[in-house]
């Protein structure tokens, strides 16, 4: 019957999209794995290991991720206009990747990784398979969560100027976000959390300041974070 | 039939109250937007920017809010005696506004913004459209939440007398609230939280005191907060 | 100090509104008690006891309720314009009362108790302390819930014309409600339930009809429900 | 230290009450087991087996339960005044037992098992270890839940007078409960459920009536349920 | 270091059990798929299609399932003694399969599919990879859930003797379960649900009886379900 | 009938596994009790009581636990291949035991208690009744939860080198875990929690460092924890 | 870091997400209007009876066309140039209800299932030819279909009360077919938890029709004088 | 069945449960008053400082005696002749708070734990000699004790800020002892889920005191001129 025929047609369609989704999930799983290694290397920063050494270690993983995004792009090219249908399947991985890249970038340059820079690093091309802005912003929020811990460990290691620099960066970042009229959603919640990071960094800065620890010639030259 | 007539009458009434509610919500949304800008400007106080400069910046927003309350009052004049029917729709905005105004006022004068002063600033007239007391009190509690952070940042910026002044203000405020026999509701919960603010300010005061940092002639004259 | 004076003022105000609320709750509790007796008497209708006898029994309770609403009105007169502030405290009682009155009225007259009639029975004066329209409508929905059971018991008692009359009444009522563009709230949910009552009455009507039980001159003259 | 001594004393006390509770739980478990068998036998009534045969079968279990209550009483005599401390541990068993006894009693006599009769059957003595009134009432509500099913099966077996008798019993029972001013608790919820039983029995009576099945000389003499 | 060596060892082990689990999940997914088709075919019974035709259709799926259980057994042979470690991964599929087989078997023979028969049909060998008793019992409970609907549809199709047969089957099954002293777990909950199936079938039987539809010699001979 | 026989067979089997489970639960309860005493003694470490004294106190409990595991092994020998069927019944006790042993071991030696060492201490033999790897790992995570508090109390007692040692231990442990590709389960969640312990220890280390308290020759020789 | 850069970025992002948010809200509103008006169409169809069939269906079809022309077209306008999948959550409820209404009308008129392809073809005229046309996706179609069975259930019951037994029987068969087909499809659907819930409701609908149908067939049986023997006589006496 | 019998039963039951309900409500109210006034006593004790010790404690003890004489005695009156366990849920919160206040006063005065036996002895005078005297049960005592540790934590922190370090140290030891003892008792308690929650809160209190104490000990350390070496100098510079 025509009913059966239509449903048979649907079945084929849905199976196709199901297998597409499976391939996407496979890429996302591979991303997860690269993220894990990259994250684990990045954690060394809390043990005050020199930034260049860390950059060296993670470079390989970035290449892997770039390759994976390329593969993702190819899969999505098979189903034009359905980026957002499958978006949920690699979303949280993307956000974590942005947070890692942004943290690295900040360590290197002391600046915020811009949206276009992130796309570039991942080999994404906004015209066909770009980086969703909200994913980028969530990633930046995630990055901010890492900063208080970084500050604490840097001070422990004797870098007393770090709190000031981080505080300036985070204050500016927070102000920039404040301008956005965020919907009451996940991103908003993450941003709301940023103020706790800010507060914690302020408190470390306060600790350092109240003990008069800032004056010394501390600017550790091996760090790129000169604000 | 008379039944139909009655329901037709209801339809009209429900639609009227529905559209009223929509207009109120629109005003509340506009308030939210002004609040956001005002809040964002007020945050500069944590970067120890001079109070007069900040006051200048937020003045415009206060005017906007006053205008919005005026508009709200006009809408409510259409439905006399139904203030509390729609109260929930602008309640949380009002509370935040009170908290911002009270903080500003404290920065300027070192005193608590009184209920009548708040009404005055917002152009409210208690006789027909006043500021609900509980909203005022919740707003004051919100304001107290901001103080510990302010104290930390002022000390960092070298204002060592700030903790003492804030502590005195907060202790008095807490004592005043204690007089109220609060029901077990939202306000009560907010007030219960005030004691954490008090404790944190005590700790900063203690830090400053134990290091003998208070004696110095620090009273930064450009601040109105002389307790 | 002026702060203390202000909080003293608040204390008095909060205590006043607290005691007001307590007095309102006391009236509501008394209503609940009268409702219980009235409901218990009204249940006799399912045992096909004559309507006049039941009316006789409940008359006293209606007088009690009227008196209680009078008392409520007097309490509210002390705080003009705050009807909706305390509304939640007697709301569900009012809805139940409307449902009982509406059922009684329908038994007597076969008609829907109108909003104004309900106000009249309860001695309410719309100009100062009226019956909230939504409460009235919820009450009417509650009343509809009682009808399927009533129909079943009437048929059992041999009144084969009852389903037809109730079905007509309920169909009209449902159609009238349908005209209202209800928000997605409590009332809407209650109204959505009305269709199950309608369906159940349809089924009984169908049972009676298919067995050819309607034709007979059964219309029990002692019932006021002539549609 | 005295602190340690006190706590040691507590430990002994609590262990004693713990072991008491364990013994009570053991009795309750034994009750459960007897209840299961009794219930399983009582279910035969739905297959329209003669009441005397069923009574014969359950008699043994009642004796077991009586003995278990005796044992419970002895345990409780060890901790005078603490009946309600451990009450929760045999409460739900007691309620089920009351429901079974009440159903049996109704099958035998057509009457409600009174509170004192229940105590008597279980060998309880109100002066020292009585049957809690709320447990009794919950048990009666549970019993009412069984009646719709019983009515359906009796009609299937050809006993067309059963619905009338059950309906009368249930209506009276429901009316009696209605007089109680129940708190908003478990019992109230159970009682609220009783009206569904009532409604279902009304519907069966309606089915039987509308088909003219009642007239026949159906009063099955082997049943004690003569209302 | 030895710690690293230990964790490396763990990594290998966890990956092994992870991949085992994945293979098991793959088999379970394949089972699910076969179940889906089998269930869809079995649904035809509600449209009163002849049992032999349905049996014919599902035979293929049973073979598939047998093969899948064989594969499962082989996987489990790799990890002796760990049947229950992974049991949760194919448990619910097994239960559904039992329910389908038991329903089919009942349609064919009117008897309960015994545990050993189920094992046989699935090619299971109790000595090494048997059918867990609780899974079997849950499956039987699931099967009972299907019966009320079947009865209703059979009556619609004119098979008025079906309710009696099903009622007898279900009553006996329920009695048999009642003998088991079930723990307070999933199985117990499922069994508790069986009484609603019983009640529903009783009600259909009641409907049929009250309309005098049972007497006729309708027992449709093409069905194996002669109780 | 054969159905009855089958269910009788099931009854026996379910009762057997039920009583087995009860015996296992009894052993687990006894474990719980020994754990409680052991834990209570271990708490003394936070009052900086010397480690050897504490070890002396808990030795007896370890012997008790060893005996209980022996008994458990014997019970499980009755049902070969069903270790994982009942695993859940002693699982959480085992995890707690591992955490206590690991903490003790770390206090004594400054090293991580290895899996084989844990088995040895509990008299377990991997070939027949070993320590599940995931239980071991969860236990290690639990142990990490205790460290931040220990560090704080040691610092209070004047052991300023403790944070450094613990931080090193925890950093290595965290890195080792990071290598494992954990499924999204309980263990994963516990491991995710470890980073908060790490962060807390970092903060204590920071506090100590910022106050310049580390330099002194404080290493309290009576503690075995020399990293 | 340059604050200006950040500010600039903030504004750029603001423009984008703010625009998105406003658009999303407008789409939600459009969807809500589609829902309400589709529900009205469905309500209209339920007025059907033996006597007013033609008239009722004609009105319903006109109403449905109005929904398409006024509300669906507004949705199309709001969505233009957007990735349909991005805002799917925002408009999906309305589209589902529209599918429900359209298939319901079609079934009542012809007794057949309106295909997705047919619906999508009917939407082409309201699409702006210069843009990618809005096409309802399979998932929304299937979700709408699942709800359709609920309406068919109500229809069947009212048809039974009205004596149109064969018609009810036909509906019943149709619903069963859809249910069976969907049973096979559900596991392949994208996020199928909604659908799973609907499947349960649908099963209840199927069972309800069956029950109504059953009691009806017994009753018709009963009403045949030759069979209803003593019972009927008792009543008549 | 005789309707009269039922009605009669109904009324009898009504009398009983209605009386029970009223009494329960009165007991709940009495408990609430005890809670509020015990909280006031606790608040009063928190005013303590090096200078006003005597005065504050004297006032607190007077207030506590007033709670006993006015509010606990009202509870005793309400409960008279009832099984104390039956209404335990109704009065338990008040009694717990009372235990908290009484033990708090006692600790501040003498540094020791007020025993249950001592509390119960102090209640004898307000009991009617003709009835069974109200005795606080072990469970409520322990639950009150669990809350006491929260108050002690606050006290310790304020003592530290006030420089009374040894006193804070003493409190810390006392709280740890109670925590350890309770750890052993909890599993034996009747319905111990409340207590388990309180144990968690208590552990947090313990950790909080420890942290405050720790940072304090560093600070005292710091403030000794001989030790605070370069850091201090830097600041002074």
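Chains here go by letter, A, B, C, D, E, F, G and H, matching the order in which they are written, and residues are numbered from 1 within each.
We take it that contacts are C-beta pairs under 8 Å (C-beta built on N, C-alpha and C of every residue); 3 or more make two chains touch, one makes a residue touch a chain.
Protein names from UniProt, one per chain: G, H = Translin-associated protein X.
Please read these numbers as outputs of a predicted model, since none were measured by experiment.
Asks: So using the touch definition from the top, which pair is joined by more C-beta contacts, A-G or F-H?
Replies: Of A-G and F-H, more C-beta pairs in contact link A-G.
Asks: To test your reading of the model: what rotation angle superimposes chain B on chain E by C-alpha positions, in degrees to the nearest 5?
Replies: Superposing the C-alpha atoms of chain B on chain E needs a rotation of 175 degrees.
Asks: Can you name the chain that lies farthest from chain C, using the mean of each chain's Cα atoms as its centre?
Replies: F
Asks: Compared with chain D, which chain's mean CA position is the farthest off?
Replies: The most distant chain relative to chain D turns out to be A.
Asks: Express in whole angstrom the distance between the two chain centres, defined as the mean CA positions of chain F and chain G (Translin-associated protein X).
Replies: 57
Asks: Quick one: chain B and chain G (Translin-associated protein X), Cα centre-to-centre, how many Å?
Replies: 48
Asks: Measuring centre to centre with CA averages, how many angstrom lie between chain D and chain H (Translin-associated protein X)?
Replies: The computed centroid separation for chain D versus chain H (Translin-associated protein X) comes out at 42 Å.
Asks: Between chain B and chain C, what is the gap in Å from one C-alpha centre to the other?
Replies: Here chain B and chain C have centroids separated by 42 Å.
Asks: Could you check chain B for residues that touch two or more other chains and list them?
Replies: Those would be 211.
Asks: Tell me, which residues of chain G (Translin-associated protein X) touch at least two other chains?
Replies: 184, 219, 231, 235
Asks: Where on chain F does chain A make contact in their complex?
Replies: Chain F reaches chain A through residues 171, 175, 178, 181, 199, 202-203, 205-206, 209-211.
Asks: Can you check the complex and tell me which residues of chain A touch chain F?
Replies: 33, 36, 40, 43, 46-47, 149, 152-153, 155-156, 204, 207-208, 211, 213
Asks: Touching chain F in the complex: which residues of chain E?
Replies: Answer in residue numbers: 2-4, 6-8, 10-11, 13-15, 18, 80-85, 87, 111-112, 114-115, 133, 137, 172-173, 176-177, 179-183.
Asks: Please name which positions on chain H (Translin-associated protein X) make contact with chain D in the complex.
Replies: Spelled out, the residues of chain H (Translin-associated protein X) in touch with chain D are 1-3, 5-7, 9-11, 13-14, 16-18, 21, 83-86, 88, 112-113, 115-117, 132, 138, 142, 177-178, 181, 184-185, 188-190.
Asks: Show me the residue ranges of chain G (Translin-associated protein X) that touch chain E in the complex, using the header's touch definition.
Replies: Within the complex, chain G (Translin-associated protein X) touches chain E at residues 173, 176, 179-180, 183-184, 187, 207, 210-211, 213-215, 217-219, 221-222, 228-231.
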